[in-house]
Amino acid sequence: MTERVGVAVIGLNGAVATTAAAGVAMIRAGSNDLSGLPLARRSIEGMAAYRDLYFGGWDLSHDDLATAALRHGVIGDKELSNGASSLSGMKPWPAVGSTDFCANIDGANKIAAPGHRAAVERIQADLAGFKQDQGLDRVVMVSLASTERKADLEADALSSLDGFERGLDADDAAISPAMLYAYAAIDAGVPYANFTPSVAADVAPLAELARTRNVAVAGKDGKTGQTLLKTVIAPALRDRALHVDGWFSTNILGNSDGLALDDPKSLASKVGTKKSVLDQMLGYPVEDDIIMIHYYKPRGDDKEAWDNIDITGFLGQKMQLKLNFLCKDSVLAAPLAIEIARCLDLAQQRGQCGVQEQLGVLLKMPQTAGNYDPIHAFNEQQLILDRWLEDGE
Amino acid sequence: MTERVGVAVIGLNGAVATTAAAGVAMIRAGSNDLSGLPLARRSIEGMAAYRDLYFGGWDLSHDDLATAALRHGVIGDKELSNGASSLSGMKPWPAVGSTDFCANIDGANKIAAPGHRAAVERIQADLAGFKQDQGLDRVVMVSLASTERKADLEADALSSLDGFERGLDADDAAISPAMLYAYAAIDAGVPYANFTPSVAADVAPLAELARTRNVAVAGKDGKTGQTLLKTVIAPALRDRALHVDGWFSTNILGNSDGLALDDPKSLASKVGTKKSVLDQMLGYPVEDDIIMIHYYKPRGDDKEAWDNIDITGFLGQKMQLKLNFLCKDSVLAAPLAIEIARCLDLAQQRGQCGVQEQLGVLLKMPQTAGNYDPIHAFNEQQLILDRWLEDGE
Amino acid sequence: MTERVGVAVIGLNGAVATTAAAGVAMIRAGSNDLSGLPLARRSIEGMAAYRDLYFGGWDLSHDDLATAALRHGVIGDKELSNGASSLSGMKPWPAVGSTDFCANIDGANKIAAPGHRAAVERIQADLAGFKQDQGLDRVVMVSLASTERKADLEADALSSLDGFERGLDADDAAISPAMLYAYAAIDAGVPYANFTPSVAADVAPLAELARTRNVAVAGKDGKTGQTLLKTVIAPALRDRALHVDGWFSTNILGNSDGLALDDPKSLASKVGTKKSVLDQMLGYPVEDDIIMIHYYKPRGDDKEAWDNIDITGFLGQKMQLKLNFLCKDSVLAAPLAIEIARCLDLAQQRGQCGVQEQLGVLLKMPQTAGNYDPIHAFNEQQLILDRWLEDGE
Amino acid sequence: MTERVGVAVIGLNGAVATTAAAGVAMIRAGSNDLSGLPLARRSIEGMAAYRDLYFGGWDLSHDDLATAALRHGVIGDKELSNGASSLSGMKPWPAVGSTDFCANIDGANKIAAPGHRAAVERIQADLAGFKQDQGLDRVVMVSLASTERKADLEADALSSLDGFERGLDADDAAISPAMLYAYAAIDAGVPYANFTPSVAADVAPLAELARTRNVAVAGKDGKTGQTLLKTVIAPALRDRALHVDGWFSTNILGNSDGLALDDPKSLASKVGTKKSVLDQMLGYPVEDDIIMIHYYKPRGDDKEAWDNIDITGFLGQKMQLKLNFLCKDSVLAAPLAIEIARCLDLAQQRGQCGVQEQLGVLLKMPQTAGNYDPIHAFNEQQLILDRWLEDGE
């Protein structure tokens, strides 16, 4: 007997979430051939089938998912009529928003909750209602919301679980919407994945809570385009002893993620996310490691990355490698979000709680269970995930 | 006590060989910091130090190595006066040449040998003289010659060791200069590496000879620029389930390698070398896998590769990845040739004879010990080499 | 009162022709905003309006234009239902074909004509019927057929008008289908434009015929993507005294034009067309001027050009400029074909006969009225066209 | 009899100035073949020969020009020993500097002048001494200094000539070092060219002064790499009716110009310089016209530009053009600065005073003589310069 798994998404009307929801609906309808889903060719005991995933979630917009999807332009009328028609009947639940944490993104579909505790209760009620209404066996929460500004990690509320609890009571401004969702999930025993660069379950109090409550968590920031290539190529340059003198990366994209990153505070959070990746893979500091992200409307969701890499080889000779990736942000991200949800659900069933490091290959800044740096090299990460999938460890 | 290892190079005046010889001379002089040498950071018991390598070899040109190096333009007066001055005293031995096998490359410094057997004897005498004159403990032969045209693998002489021996007696036209060198080395117990795309020790008779004589061999075609990137990136696309619809590769280069490849027959041999790599890594046939190489004089040894990769992801959406590698052919190739020489010498000492598959990461079309396909994925190859270096197996 | 102008196209089912016909139908329907039509913003006395153009023509395929257009994939159901529905009622007339002249392209919809004279009569009958059936005031013929192989310009039949007439009588193999169409048009007083690289009205006999019959002709080969950029950029490099050391151009495309060019003989004709352009603009020979065209299926009609330009500046310093044009072959070509038809019709009305050199800006290898080289620099060509449009000379 | 023309440079130790000075010295020595000098092939009556130009000027650094040139890395020992040895004997005069106007650039070689009037007097004394010491017939001043921050154009001192004079008396902070130099030149009857993006002779008071004193001036900002290409390509896109939806430009460079632009205020001035160029050439506003400049050390003076241009053609179809220019900033700029100096000197001799608009082809943001926009299209600008050179008007 198949078991139904709910995926409760923060940012349900976004391009990634609508693409994921449409893709799964089309799989159920038999009109999507599983291309782009990294784990589609594998048969893993206990892992939910794509067709058994059911989407729900929160958004600051009132629109139904079909309307939202057409606005993003990733999928069109063809897809909606070809298996994804159910999206027009799906509407997001009111969301917790904060223009303080995410300046360029706001909307009318807000939780009317008088404070942090009330918001958490509302989120947990939404989760319970979702499970019941859809007849779900299990639920996973995935954050696909817009990037928030950097958190103040020195704040009392973010330094200990006790502090966090007091912060909830006091509606402490250091606690962001993303953290409220993460707290609500973990507290309710629901696995939580952070697919955004925002600070969420990786603050000390929530990491602790996940351990004590035996809840699987993973994060953060889906590894889609430019960082994917960086973590594929840099280890090979290291293996060939080709010294990286500089790596200049620029991105242009025109979706709401791009708009959110145009807020300098959010960008800082995003770039902070990517920065040290290179040094850790190479084993030496790269002085000129520059990453730029620009909102550029003509492209919509079609993201483009241009990288220039300066390298030095034998006899000190200089060479250059340039990459130009014309990708589709949500098309790359949606299947990763789906796989993270499936893996977290599997980990929870296997009783593997706390931070799930083996999911690092899917993430730009993998959260670690302890106070150490994550592995970033793609090939090493993939080996770790493969082993976990096959051997359970 | 250090042991001196000779590297007998076919094509000693070429850009790769002069770059390698200069680089090692500069290492001895303390003016080369080992950048670009893949195994420089490792300490492997029994492996010859870079400073203990001594170069000699054959070439169709009479020029001393300094003159040849300046003509290639990879290194200049600065390097020659800065540790590589010994090159001006080095002259290649007369070589076996054949305009039938390599139409665009010829020269006056030819072995005056009346036939195949005489040529083999002369090569073996050169090896013996090299060892004695330089006080070498061991010698390795490395082919860095220009690419020959495709061999006729159906010929009797290339079908069995007996046939080959008969072909030597009869000066059979199916036996190329490259095969004469390979035979001479293996017959003399000297490890042999084929760094070119030409057919040499990979014909059945010579593979058999290497096994029966307990000689380590490896080949073929150094994995430098475009193929290196292909074998780094394709496995990651496979892991992400991003389907490769087409991969168009074009190269421009202006060194003598480029000139040799302008002969359509040599190009066929080269492109044949690269072709099936992609299909084997991805697990499905890529219909549009096109590789072009063009002689383009303005660049000299500065090779440039441009790749366009068409991929399909989630929901059948199309994306493109483009690579532009402004590399230096010989600067990438020379350190690989040096490492192959060191590894072959180590394998021979370890008593590991026949085809050394663990060197596949350094080669475009790794020769295998049996009738099966090689591994091409860079990360898998690197793991195999790492294990062999550390564990000896 | 508006006058109706027929455009009789050779290759009516091709991607360029169907795009042009659909675009004009959509203009009539009010659903095409004239973007991409170079002369749309101008008001030229006597020039036919876009909406007054009517398409007909020949093709080796039987398919109606809607079917053909959908196969090319340039326009889709949206365009067909949005103004271009009339294409489904349009069928090409049987065409003159020759697998000798165009090896990769053939079809069943062939003129059953026993020889050259009969073919010419049939073409002229088609023109007359077109005019009558559609109530046209004037007709222009435009060749959009696939590229033929190089003609034998030394043949008797191509050396004088008398020889050509004798060749028609004798069904001389030197006379290609393209020349039969051109002869038929000029002989019938119908202006003729050659938008392909094939040899047609530019052979001496037909150029003479155009003069003596007072018919306007123009050719050849529409200047769309890569050559357009070359003739835009090279003059500026010359004005800045930046010396071009080499210009490497490669193209990938997957439409039937690409397939035709995969026949080496047709490619020779095409590349011959482009070759000397650079030298003429710069005023000195560029030794390394390489142009490659590759059939690459994943792209369909989406052509991609990659250019690398090596330049030398002040103090002999080397620089590089690279261009990557992701264009759509037919989307660039169709409006040029439309403008050539309008301009030829205008020239004929103005009584300007023979070769119309002022249309050179629209063509890769502009035919000249005499034995001299054409101007290639885009800015100079544009000034000439502008003057002709405004002042009539 | 030849006449000697002095070029008094602000920023004499910079990469552009040392490249220009070395290049002219090498021309005198016969070791520079005039490549990269736009007007080298022309013979213009009255224009100073390259060999008759003599460089002097101001800099905040004490270093001699040979030392400075080696630091920039544009020219090396080879050039210095090959005709440019005189640079080691050339030292800059103390300069006027202001860390308020140019935050990242400072130095010890400063004019010890108690205020604006004293600075002007010192500059004029330097000019007079230069002329006398070098036996010059005429002098031209060229600003090659680092970019200053935006000026406050609303300030009293910058609104009228009277206000400016009062500002000089009062050491008004609105008057920048660049303006002091421009004032000193014009007041002394010395033609003045502004090759930087800084505000200088283009403020109203100085433009007026140039007219009343009959002094030729030109500016501003040399049109070298990315903007050069933009003004070459955009007019052709307009002529082809290809609509520009967006133009994203990014630059990486590692010389001191890059460092100066890393100060956000200077960047604003630079980007402001480039911004509206596109709209003016195309005739419609381009919403997404983004220009980024990044300091990226590995490249030194080797600037790299990457442009992505989104265009819409026939039937609303989208295409993309990408440019990648690997150029050398000073190698492109130095010859333009030399030509501007020669042209200004010629204009002054011809009695053509005030703003010399015909030099617009050499400049990114051409200063106009009146309150109207400049022409930006390269081809139109070149025609204007050609006419002026040949016909004197």
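The first chain written gets the first letter, and so on, giving A, B, C and D; residue counts start at 1 in each chain.
We adopt the following convention: a residue touches a chain if its C-beta (ideal position, glycine included) is under 8 Å from a C-beta of that chain, and two chains touch if they have at least 3 such contacts.
Please read these numbers as outputs of a predicted model, since none were measured by experiment.
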>> If you apply the touch rule, which chains end up adjacent to both chain A and chain D?
In response: none
>> Give me the step distance from chain A to chain C, shortest route via touching chains only.
In response: 2
> From the C-alpha centre of chain B to that of chain D, how far is it in Å?
Replying inline: 51
> What whole-Å value do you get for the distance between chain B and chain C if each is reduced to the mean of its CA atoms?
Replying inline: 48
> Using mean CA coordinates as chain centres, what's the chain C-chain D distance in Å?
Replying inline: 44
> What parts of chain A, by residue number, touch at least two of the other chains?
Replying inline: 322, 324, 326
> So that we know how the chains sit together, what is the shape of their touch graph: line, ring, star, complete or other?
Replying inline: ring
> Among all the chains shown, which pairs meet the touch rule set out at the top?
Replying inline: A-B, A-D, B-C, C-D
>> Quick check: in the complex, which residue numbers of chain B touch chain A?
In response: 19, 22-23, 26, 32-38, 40-41, 74-75, 79, 228-229, 232-233, 235-236, 239-243, 312-317, 319-328, 331-332, 334-335, 361, 378-379, 382
>> Going by the contact rule set out above, which residues of chain B touch chain C in the complex?
In response: 245-246, 248, 250, 252, 287-288, 290, 292, 294, 296-299, 304, 306, 308, 310, 322, 324
